[in-house]
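Note that subunit A is present in both complexes that follow, paired respectively with subunit B and with subunit C.
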Partner chain A sequence: MIAEQIVNGIVLGSMYALVALGYTLVFGVLDKLNFALSELFMLGGFIVIGSVGLGAPLWLAGMLALVICGLLGLVVEFVSFRKFTSPDAQVTAALSSLAVGLIMIDLVQKTWGGEPVAVPVPIEWRRASLAVFGMQVQTMKIIILALTLVLMAALHVLITRTAMGRNIRAVAESPTFATLLGVDVKRVNQQTFFIASALAGAGGLMFSLRNGVAASDVGFTFGLKALAIMAIGGMGDLRGAVLGAILVGVIESLAIQFGFGKLGEVIVWALMILVLLVRPSGLFGGAHVTEQRA
Partner chain B sequence: MSQDLLFLTGINILMAWSVYIILLSGSLSFANGGFMALGAYAAGVFTMKWGMNFYAALALAGVGAGIVGALLAYPALRTRGVYLILVTIGLSFIIQTLIQNTDYVGGVRGMTGMMGTTNWHVWGLIAIVGAGLYWLSRSHLQRQLDAVREDERVAASLGFDVVYLKIVCFAAGACLAAIAGGLYSHYMVFINPDHFNIFVSIYVVLYVVLGGVNNLWGPVVGASIMTILPELVRGLASFRPLVFGAVIIVLLLVRPNGLLAMRLRTLKADRERSA
Partner chain C sequence: MSEPQLCVTDLHVAYGPIKALRGVTLHANEGETIAVLGANGSGKTTLLRAITNMLARQQGTVRINGAETAGVAAHQLIRQGLLHVPEGRGTIGRLTVRENLRLAYDLRPTDHSFEEALERVFARFPRMGERIAQRAGNLSGGEQQMLTLARAIVNRPRLLLVDEPSLGLSPVMVDEAFAVLREFRASGMTILIVEQNAHKTLRFADRAYILRQGQIVTSGSGADLLHDATMLSHYLGSG
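Right, the complex of A and B next:
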């Protein structure tokens, strides 16, 4: 049973990881929090429902979710981050993106209502399971895990092997020097927002596939925890975000297994506070931002 | 204006002030919804289960939350800016989840039976807190807090005890939020943990941002507009988050310090005038 819960935790963690990667990408490049990512996570599922409702096949709907979330990310960048570039504007940008998130929630609730909406996936899909090492694991979970791994690998290649990734890393190191070297910082910011938002959308899409429903409140109940994960893994540390997400997913699953229920959430947030106080560079020590105290 | 609307406006003003008091020292707190929950539940337990007097319960809940606030503030305020936002959001979630899992206060089902708050209590408290904040805005303490808010290092080099000032502000804000929570629970009769979710903390911060962050009338205006306007203008109520969010975005772009971002008369201005 414990092994099964650990598998569940890893699947849960892999969905957290996609949102946390988005948060940490934006934080790494701009040193700012983009609260709208939690709501793009929520939107991921609803875009699938909407586009399947309009007659798109499921694979196309999934692609659409990624692209639309990415494009909305560009809107967020324009509205909430373009003007607030100074380090003092950190909080202003965070508040502004929070307001964008509130608007997204409201629009979704206006369109689909406040109750969770069923995702149009055949029930057999969600019931099917495979035997792995003597355990029955739902096929859906294996698909989610595989897709997350593909996305993470793609992100890794993008960041470490391509010209775009090199520019992103340069701006993350120092926007000033990147500008001096001829990197178009505005363009890099847009690319970062697109990638981060598409990842959050992908996370939300898989989350709603696993649950069978999309709900308008998951942004704040679930997506916001990616913030805690980003801090646990180290703000701006991509590898830390993935490891932190899996750690948190497993902690939560085991908490449920051992009868602590939602108290697992307390552990996650308490762990975040502890990490911020004691090891601000993150549990795995890879964050490039260390100067946060007076 | 109906009694309920008057009451809600009053509570929101008190909550906005509780954020404003913490903001005086330069810290933005997303934990005030959590402190409100602490106060609401603590006061409820004191009157319902321990048979305490209503006023004593409110005072004790406020003092208790103030002490909890001070204890949490000491580690939390070592972080700044967005890090402090993360820590206070975490506190909000922790408080809400702990209450959900405490059977003594009804867990997720909530608690019922508290009563006794009238609008006189709420608006009386607003008058007292408002008078206190007005006195503060003309005192030397305000100058010290301004210094801490603008630049901690400079303030510290001038010999101000930055940590002490920040903790006092955080504790005072937590205390006020808790008393507002106590008043809230004894008016609503029934409360459950969902009444104090993260949205409460977020909305209260946005009231302050909307109204203006650097004088005591800003939070009043922000809270009043966002509570009363949707009720008065027909059809606006269902678009409240949409309109609210859009207003905040536009406001941050054109007036980053809020609607009423001007300094009121201060000690220094008075002295210069008389000189």
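Right, the complex of A and C next:
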């Protein structure tokens, strides 16, 4: 039973990880919080519902969720971050992105109403299970884990092995020096927002597949947890975001297993407060260094 | 006579109410090495950052190879053969030495391959070969300076702007840095060097300008200014 809950926790954590990666990518590059990511997470599921409703097969609907969330990320970059470049505009940009997120919630509720909406998932994904290390694991969970692993591997390759990733890392360390080396900082910002938003959308898409429904309040109830995860893992630290997400997912699942129920969420936020007090750079290194701006 | 490669006319730059440059005019002909000397706070770094469009100017013109640079994004300008080595070297500490050099290569790919460009770097700085896979942030100060100059070897700019190359270096490394800059000059590169280390720089530069409180107060050949010791100490402190 405990092993099963740990698997559940890892599945939950892997979905959190995608949003946390989005938060930490944007924070790493701009030193700013993009609150709209939580709502792009929420939107992921609804885009699937909408596209399937228009006749798209599930695989295409999933791809659309990633692409549309990515494009909406570009909109967020343009309206909430492009103008606020100075370091002291952090609050302005964060508030503006929060407002964009709230608009997304309103639009979803206008379109689909306030109640959760069923996501068309093949019934065998939920019914069937596979034996993994002597445990029966629902096919759905294996699909979610496999997809998140693929996305994380792709992100890892993108960041560490490609020219785009090299530019992103250069801008994360110093926009000034990166510009002097010919890097187009504006373009890197856009790329970062697209990737981060597509990842958040992917997380929400899988979250809705697992639950069988998409709900307009999951940005607040689950998407925001990515903030705690980012703080726990170290702001701007990609590896820390993944490890922190798995840790949080497992803590929540075990809390349910041992009858603490919703207390799991309290533990997560308390853990964030504790980590911020004791290790502000995060549990797993926290390698992000902010440029000294003259 | 063709227009100088770099032509700065009546350049004004301000940080809010503080005027940092108040009408700077200077030029560098192709293949020439010019120096701008000045004490701390005289506006040297501001001048370089304004030339590369990292700072907005209030007034004045900057022409590179005859073309006005106003409105050209900084990263675009740098792709056109202008390499600005900022104060503090400008290496990206969390990228490896290879990645730092790759950035410089990508912004202006020469007709050689990146591997060939690396060979040229290793021939000049064997040490960079040993350090190639390390993070630039783990290099010593001298090695970082080598990496900075190695970027110019990879990138082959037509116009090189260098901000205080001797800052924080041991005397041996300062000599090494100037030796490399001499090689760049011999290869026909136009160099604008900004320094506090007046004597070394004046022996190196063809011409020099003295900057004081955002204005050029005097200029002349390196040799002439070098012999005018009273003027130097007056404008540069101990010089």
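The definition used in the following text is that the second predicted complex is superposed on the first by the 287 of 294 C-alpha atoms of A that agree within 3 Å, B and C clash if a C-alpha of one lies under 4 Å from a C-alpha of the other, contacts with A are read in each partner's own complex, and residues count from 1 in each chain.
By our rule, contacts are C-beta pairs under 8 Å (C-beta built on N, C-alpha and C of every residue); 3 or more make two chains touch, one makes a residue touch a chain.
Note that the coordinates shown come from a computational prediction; the quantities given were computed from them, not determined experimentally.
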Room on subunit A for both subunit B and subunit C (clash or fit): fit
Touching partner for A:R169 - first (subunit B), second (subunit C), both, neither: second
Contacts of A:V150 with subunit B and subunit C, given as first, second, both or neither: neither
Which of subunit B and subunit C A:V79 touches, first, second, both or neither: first
First, second, both or neither for A:V185, with subunit B first and subunit C second: second
Subunit B or subunit C, by number of subunit A residues touched: B
Which superposed partner A:M135 touches (first subunit B, second subunit C, both, neither): neither
Touching partner for A:A3 - first (subunit B), second (subunit C), both, neither: neither
Which superposed partner A:G261 touches (first subunit B, second subunit C, both, neither): first
Which superposed partner A:F177 touches (first subunit B, second subunit C, both, neither): second
Subunit B versus subunit C as contact partner of A:A118, first or second or both or neither: neither
Least C-alpha distance (whole Å) that remains between subunit C and subunit B when both complexes are overlaid: 17
Doubly contacted residues of subunit A, that is, touched by subunit B and again by subunit C: none
Contact set on subunit A toward subunit C in their complex: 163, 166-167, 169-170, 172-174, 176-185, 287, 289
In the complex with subunit B, residue positions of subunit A that touch it: 32-33, 79-80, 83-84, 89-92, 94-96, 98-103, 105-107, 110, 220, 224, 227-228, 231, 261-263, 265-266, 269-270, 272-273, 276-277, 280, 292-294
Subunit A-touching residues of subunit B, taken from the complex the two chains share: 28, 75-76, 78-83, 85-87, 89-91, 93-94, 97-98, 100-101, 152-153, 156, 162, 197-199, 202, 205-206, 209, 239, 241-242, 244-246, 248-249, 252-253, 256
Complex contact set, residues of subunit C against subunit A: 52, 54, 73-75, 78-79, 84-86, 90-95, 99, 102-104, 106-108, 151
